[in-house]
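Heads up, there are several structures right after this.
Look for chain A in each of the two complexes below; its partner is chain B in the first and chain C in the second.
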Partner chain A sequence: MGKKFSQARILQMLDDPDFQLLSAEYPDLYADEIEAMNDYVRSITPALPEWVKGAAPKSQQQLKFVGTKVKRIEDPARLTGNGVYASDVQLPGMLYGYIVRSPYAHATITAIDTSAAEALPGVRAVLTYKNAPQTKIGTNPDKFVVNQEAHCAGDEVAAVAAEDPHTAREAAELIKITWQELPGVAADIKAAMAAGAPALIAPNISNYSAGTPVKRGDFDSAYGSASLKYEQTYTTATLQHTPLERHCTVARWEGPDRLVMWASSQYMSSVRSSLASYFGMPRSHVRVLSENVGGGFGSKGGAQRDAYIAAVLAQMTQRPVKVYFDRPGNFRTSVHRYAEIMSLKAGLAGGNTINAYRLDAIGDGGANKGGTSSLPPVQRVYTAGNAFFQETNVITNRGQSGPMRCVGDPQGTWAQEIFIDELAEKAGMNPLDFRLKNIAEVDQDHENRKWNSCGLRDCATKVATAIGWSSKWHKPAGKINGRKAHGIGIALHACGHGSMSLPMTCVVRLDRDGSLDVNNGLTEIGGGQSTAAMIIAAETVGVKLTDASASWNDTGFTPDAGVTAGSRGTISSGSAVRNAALDLKAQLLQIATSGAKPMLNAKPEDCDTGDGYAFVKADPSQKVKLADVANSTGNPVIGRGTHVVPPNTSMSVFSAGATEVEVDLDTGEVTILSYVGANDVGQAINRLGVEQQMEGGIVMGMGMGLWEEMKYEAQHNFPVNWNWENYPIPTTLDTPKWANFQTIIVEPIDAIGPYGAKGVGEPPISPPPPALANAIYNAIGVRIYDAPLSRDKVLAAIKKMK
Partner chain B sequence: MKKYEHTSPTSVQDAVKLLSAQNARACAGGTDLIGIMKEGLLPTDRLVDLKTIKGLDYIKEDGGELKIGALTKLSTIAASDVVNTKAPALAEAAARVASPQIRNMGTLGGNMAQKVRCWYFREFERADCYKRNGNYCYAILGLSDLHAIFDGAACFAVQPSDTSTALSALGATVVINGKDGERNVAIDDFYIGPDVDYLRETVLAQDDIITEVRIPASALGRPSVFIKAAPRKTIDFARASVAVLIDANPVGSIRLTLGAVAPTPHRAKDAEDFLKGKSLSADNIAQAATLAVKNAKPLATNGYKVDLVQGLVRQALTRLAS
Partner chain C sequence: MATTKQQSRYSRRTFLKGAGATAAGTAAAATVPIAGRAPEAPVARPVAVRVGPPAGAANTTLMQVTVNGTLFEAAIDPRWTLAEFLRDQLNLTGTKVGCDRGECGACTVLVDGTPYLACSTFATEVAGRKITTVESLAGDGKLNGLQNAFWESGAVQCGFCIPGMLMSATALLAAKPKPTEDEVRTALSGNLCRCTGYKKIVEGVMAASGQPLKA
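Up next is the complex of A and B:
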């Protein structure tokens, strides 16, 4: 904590999209870096005049659009098939790429023969490590666009461009490769840590490294003197995002040093800068469009291999090239949620108070040594004066690990919330009461300072009330009717995301007709980010919502606003939108009140805007259309803004979930009867969008809880289920009936976010898995510690019933 | 997908002729075949589209039997009053196949003749397994969650067809047209195990077409039931299923078939024999469930199917008892 950085390093971090991406996804690991960047940008950002800030609504009741339900502006195009996704793009003369992937977890190519592929009619280029540009692409381990050595099954080793996708695939199958298999680890994470394990990446890189522990008080002595001790180990599986639109890029060279790309990406500006750097071109010579993105969930953070390979093949052939992963390809090289082994230990004092608390976690960083971070919920949800939390990151050959609707917090919450349920039972308390007694509402790792806003207790009590906890909770296996067992469970969560993040910028412009456009560089990925930006801008500038819009995602005319990840879109970029809108409003009021014949005879600070007018506060009949104000300048009026997080901020997002299940004691089938989720979002910007994010996250969490798991087999270090058939994600029929599926928005207005908002994209996914585990325990009286709660485990648990 | 010739016969005879060419494949709804062609698992030079043959989609009672044309869509069977009334197990099985879109395309004949879903065969590109004309079964030492607990021999892939389980319990007859004309095959003989031929799952030759399925008079209007267990409530292939036909309670005659647990629909004959002459009491049901898995030989990760089958048998018999 408290690391210092040189100005040069800070500027470098601010300029590096890869670092932007990393710190947005792992805000806890890079808290010092984020603080340094914010401090620096704050020091050089001119302050808005105080009177402009004062002109903002004083209370939530004065808000016109923020907090209402607004249909998303992109929906009509998407729902009618008129929205253009990268995978829809068809260009004249376009070729199709297909990628050859390693069938081994760890292997190297000893011979490769592409002659048959090249001879196939319709084939225009074959790319292998032999003719690939010798420029590394900044992965870990640092690799070329295609490689001779594969570190996981599915690693890209060659690619073909052909006139049609079938020919491309046929040619890919004609490439003859002789492989030499190398020692690898894919089935057992701990095997990579064993003495004598082979070096999986390079001889000089250890297979594992322990993270810096978080310590409080003296765990050992508090644990030693505890009145009640308990420890247990929990595991979660490797999960896949499986976005509907698989990874896709279309690349077209419009001259030797002009590249245009249609990319299915969560961070178009990063695709731009990565490709510019790769080809040694100025960023302005690369234009990336991500108009519509068919889901990312963390898997499309920056420039992925589809982008590089499409651009290289397009350069080789001088034709536009589309690279669209097939579903197995998407499963193989997209990053995944890493598997985790978590051992928790607690000592209670006075019978029911957590006094000593310890987590030892092992995270599967995969072949790319992706970051692992399951600590935040364990640090934040419950009070523990004596604590020790540590995570060890392990390299394996199990694909690429990375963010997935959060990074590691759902894993941490899986372990913690089952553990807490067990502790409650040992303490002889109702699981809800035990939680409420032990929850923390301060930032324990920063001198117990208060959170900016904390709706944790509200989330917990509201879901409990809504589901009818006090009347429905019963003793384990206490409500069995024939062969059906009823169970109810609850889980709480705190997320490292949705709070503090990097400085961001935005441009908002009022056109001469009085319409407002947000040039927001944040990629809209289906979460409603554009609509939220539009709402914030319209509220702030004072135009009608129907006169506002948010521009489509195109690096050609939007500034870099960071990655759409880490639940940061609305809070970070939204704050920049708000500041840009305030800047615009200040300019409009200045213009309206100055000049030889001012349109309003008042000082700017005595005026305000609303409904498309500027007016004098004391006499609202003195008003002028904002369109006339803009027109008087002969140009659109442009506001720009920067978002900076204030120093010494403790910000966190909280959520809770409660669920009822029915377990069929004959077949082990689990039916989710009801689910209630609550999220502390600070302040909803678009209430409809918040509900949708919560519903989506909760359903994804149900998948993590009940079905989803990449199955690696030891025999061949290989996953066997890389398509949807055997990697089941929830369908509508697997979710509770609509009447029994409830979302509750908790709004403890936050001082920092725009209009008090915090993030919501990720936190809803975490409570469902452990809430389901606890509900199944409540139904049958037998614990399951390993996610998912699949049929085989439930049947085995039923056999253990007394 | 590689290039192939698409043909559109208008009669069964034409189709059979067209199918005699090298690597010619019969295609009805295509919901299984097209996928397997894309994966390159079935070399195809010619596709014979059966959908252009008129008159093979019908459900009719004729001579005491229920006759269903092989091109009848699964959604039609699931919704049919006569099937729901006279042979409910088949209607339930058809309704539980995959998703509405697939049931609207998929046909009865196609569902019966689909290829196995073993994840090594389908997805493990290095697999030189029996079904890929190799000489190894990866499921034996690997992950066998999907695989057989009965009758595995060399290959442990299971018969995935839901309708096959129901048709086995109903004692159906399969009408096949081939180069030597028409022949009838009892459902018990239609499916073959890896001990007979591990490269195919049925007696169908490349130029054979299922044209009709007949459910005998002895089964019509009798109590029957089909229950499927799968990870999710829709779409998924069965991890285990059960279909039962009885004449009455107490039981005089019974056919009890387990699905997705063996290379063919698996008749639980010990359980059938035990129940003959007995009432479907809770005790008898429990004993029958135990007998249904008497010969089970689970692999490393499919032991749960032993419990699952027992639960399904209990559920099915309990439903018939009430």
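Up next is the complex of A and C:
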């Protein structure tokens, strides 16, 4: 806490898209860096004139578009099949790439023979570690585009480019590789920490490292004197994002130092800078297009291996090349949600108040030296004056860990919310009442500073009311009808996503015809980010929504607006949109009120805009079309804006969920009868978009809670389920009926986001898994501590019923 | 391939204008140099359009197939799946490939009105039959009722599953114009979506059937 950085280091962080990505996804691990960047940008960003800010609507009632339901501008192309995803791109002369992957979790190639592959008609290039460019690609540990040593099953070791996909695949199968298997760890992640464990990624890198603990008061003495003590260990599984579109890049060289790429990416500006750096070219010589992206959920953050391999094969062949991972490749080698082993310990004072609280967590960093974290919800949701929280990162050969929707926070919330349910029972209280008694509404790790806004209590009480908690909650195993047991459960959540985020820029342009365009550098990946940007800009500049639009797909004309991850788009890039729109509005009012024959005879601060006009506030009949204002300059008018965060700000987002289940006591099958989710979003920008994020996040959370788990066999540490058949994600038959699936939007207007908005993409995923666990306990009276709550575990628990 | 006025009828530029939507993405579309899309000839005038490698090339089979009302004569590489034929040969890339093994339903198209998984169907299996893909749904510059209901309900997020969802729902509504919610869920159970949680998709199908769901 409180680390200081040199200006050179701050500038370096601001310029590094990989760092932007990391800090967006792990805001708690990089809180000091984020604050330093925000402080610096605030110090150099010219302030907008106060009168422009003052002209902004102050209450929700005054808002025209913000907070309404707006049909998304992204959708028509996707509904007609006309939208082009990277995997749809067809170019003249395009070749198809196919990747050869390691069959072992940890192994090295002792011999490789590509002659048969090269001899196959239609093959244009074969890439192995022998002919790969000797440039590292910025992974950790350092790797090349393809490698001799594999650190997880599925690691990329060779690639082929051929005239058609079948020939590429056939050629890949003709490459003869002799492997030497090396010791690995995947099935049991604790084995990597055992004395004498083999070095898993490099001899000089330890398999594990403990993070800096977060401490408050004196845990040991508070725990020692507690009136009631309890401890328990909880685990979560390794998960896969499984976006419907696999990783895909099409690369085309348009000259020796001009590269164009169509990328299925969450951060096109990062793909641009990574590839520019890889080939030693200026960033402006790489153009990346990501018009439609078939889902990401954290797995497509920066330039992934598909981007590098496509660009290298295209350079080798001087032909455009498409690399589209196959589904097993996607399951094995893109990043994974890391498994966690979390031990919680609490001491109650006075019988029902948490006084001492401790978390010791082990996070599986996988085959990269990445960070893991599960702490934020445990730090934030409940009051604990004496606390100790620590995370230890472990390296294994399970495949790379990385961000997946809400990163480590669902893991922390899984442990905490089952633990709190248990504490409530030990304290003899209703689980809802115990939560409301111990809820924290201040930032305990920053001198109990008030959160900028906090809707946690509202979220909790609203889901409880909506689901009918007071009439439906019963004693564990207290409502069994024949062989069907009814249960109800609740869970709360807080995290650092969708709140404090990084400074980013935006350009908003009023054309001479009075139409408004947002050049949105934020990559649209399905969340309706461009519609949200359009709404913010139209509201701020004062044009009709039908005259506004957003353009979002091309680094050729959009500035870097950061990664679409960490639920940061609406608050961070959205703030930049709003500031750019305010800058544009200020310019328009200056133009309208100046010159030899001003269009409006007033000072700019006495004017406002709305419905496509600038007008004098005291006499709205004195008005001029914004189109005429722009046209009078002979040019479009361009506004620029940067997201600036005030100093010493404590921000967090909050959510809650409650669910009813029915457990079949013969089969162990769990049916979700109903679910109610609530999210503190500050202020909804597009109400439709907020509902979409909540519904999608909640159902992904149901998958994490009930079914999803990557499984590893013990001998070769090989993942055994790498398709949807064996890794089931929720279907239409697994989710509650329409009328029994409800979302509640809680809006405690936040002072920092555009119109008070906070992020919403991630937090809805966290409450469902523990809410389901608590509901199953309420149904059968036996606890399950390890996610997912698969049928075998539920059946085993049913056998223990009294 | 023929390129005609019919083709421009389905371009996104004219579509968006016709639908009265904002001009979003039109500039974007112009920057993506993909090859032109397959023509949409009137059903009443069966035109044979030759696609694929030259007839008589090694390892090809000639077949005739009707796609979205146009009769094609195609030289087929027997390894091609129906999805590859539609996407790579006809440039009908609205049909998506998510898993390539019949698990996700993103590639769902109609063969003589029945939903088929195009990734797991050989192109040669559909000789002489009528294929309907997502590209055929919108007409006269307008979304059809089902597409419009999806748009209104917010059924689309990343959109990659949507063509398959639309085709499964089209087959359902043709067989049963007023399905129950359970019947909609069953009909769409083979179409995976990772974004939406399905609520708004079910809502869209019910609204398209004239039975809007109400809270």
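Throughout what follows, the second predicted complex is superposed on the first by the 802 of 802 C-alpha atoms of A that agree within 3 Å, B and C clash if a C-alpha of one lies under 4 Å from a C-alpha of the other, contacts with A are read in each partner's own complex, and residues count from 1 in each chain.
As a working rule, a residue touches a chain if its C-beta (ideal position, glycine included) is under 8 Å from a C-beta of that chain, and two chains touch if they have at least 3 such contacts.
The shown structure was predicted, so the numbers you read here are calculated from the model rather than taken from an experiment.
Visitor: Give one of first, second, both or neither to describe whether A:Trp707 is in contact with chain B, with chain C, with both, or with none.
Guide: After superposition on chain A, A:Trp707 lies in contact with chain B alone.
Visitor: With both complexes overlaid on chain A, does A:His166 touch chain B (first), chain C (second), both or neither?
Guide: In the superposition, A:His166 touches chain B and chain C alike.
Visitor: Could you look at A:Ala116 and tell me whether it touches chain B, chain C, both or neither (first, second, both, neither)?
Guide: neither
Visitor: Touching A:Asn723, do we find chain B (first), chain C (second), both, or neither?
Guide: both
Visitor: By residue count, which of the two partners contacts chain A more extensively, chain B or chain C?
Guide: C
Visitor: Could you look at A:Leu11 and tell me whether it touches chain B, chain C, both or neither (first, second, both, neither)?
Guide: neither
Visitor: Using the touch definition from the top, say if A:Phe741 reaches chain B (first), chain C (second), both or neither.
Guide: A:Phe741 contacts chain C only, not chain B.
Visitor: Contact-wise, after the overlay, does A:Ala194 reach chain B, chain C, both or neither (first, second, both, neither)?
Guide: neither
Visitor: After superposition on the shared chain, which partner residues are touched by A:Ala202: those of chain B (first), chain C (second), both, or neither?
Guide: neither
Visitor: Between chain B (first) and chain C (second), which does A:Asp792 come into contact with in this model arrangement: first, second, both, or neither?
Guide: First partner only, chain B.
Visitor: Of the residues on chain A, which ones does chain B touch that chain C also touches?
Guide: 166, 723, 725, 730-731, 733
Visitor: Considering the complex alone, what residue numbers of chain A touch chain B?
Guide: So the residues of chain A touching chain B come out as 103-104, 166, 169-170, 173, 328, 483, 664-669, 671, 707, 711, 713-716, 718, 720-723, 725-726, 728, 730-731, 733-734, 790-792, 795-796, 798-799.
Visitor: Quick check: in the complex, which residue numbers of chain C touch chain A?
Guide: Checking each residue of chain C against chain A gives 10-12, 15-16, 19, 21-25, 27-29, 31-35, 37, 77, 79, 84, 87-88, 91-101, 103-104, 106, 133-135, 137-138, 143, 147, 150-152, 154, 156-163, 166, 181, 184-186, 188-203, 206, 213, 215.
Visitor: Show which residues of chain A lie in contact with chain C when the two form their complex.
Guide: 69, 71-85, 87-92, 164-166, 241-246, 262, 289, 291-295, 297, 326-327, 515, 525-528, 530, 534, 545-554, 556, 688-689, 691-692, 695-700, 723-725, 729-733, 735, 737-739, 741-742
Visitor: Sort out for me which residues of chain B touch chain A in the complex.
Guide: 1-3, 40, 117, 119-120, 122-126, 138, 141-143, 145-146, 229, 231-237, 239, 301, 303-304, 307-308, 310-312, 314-315
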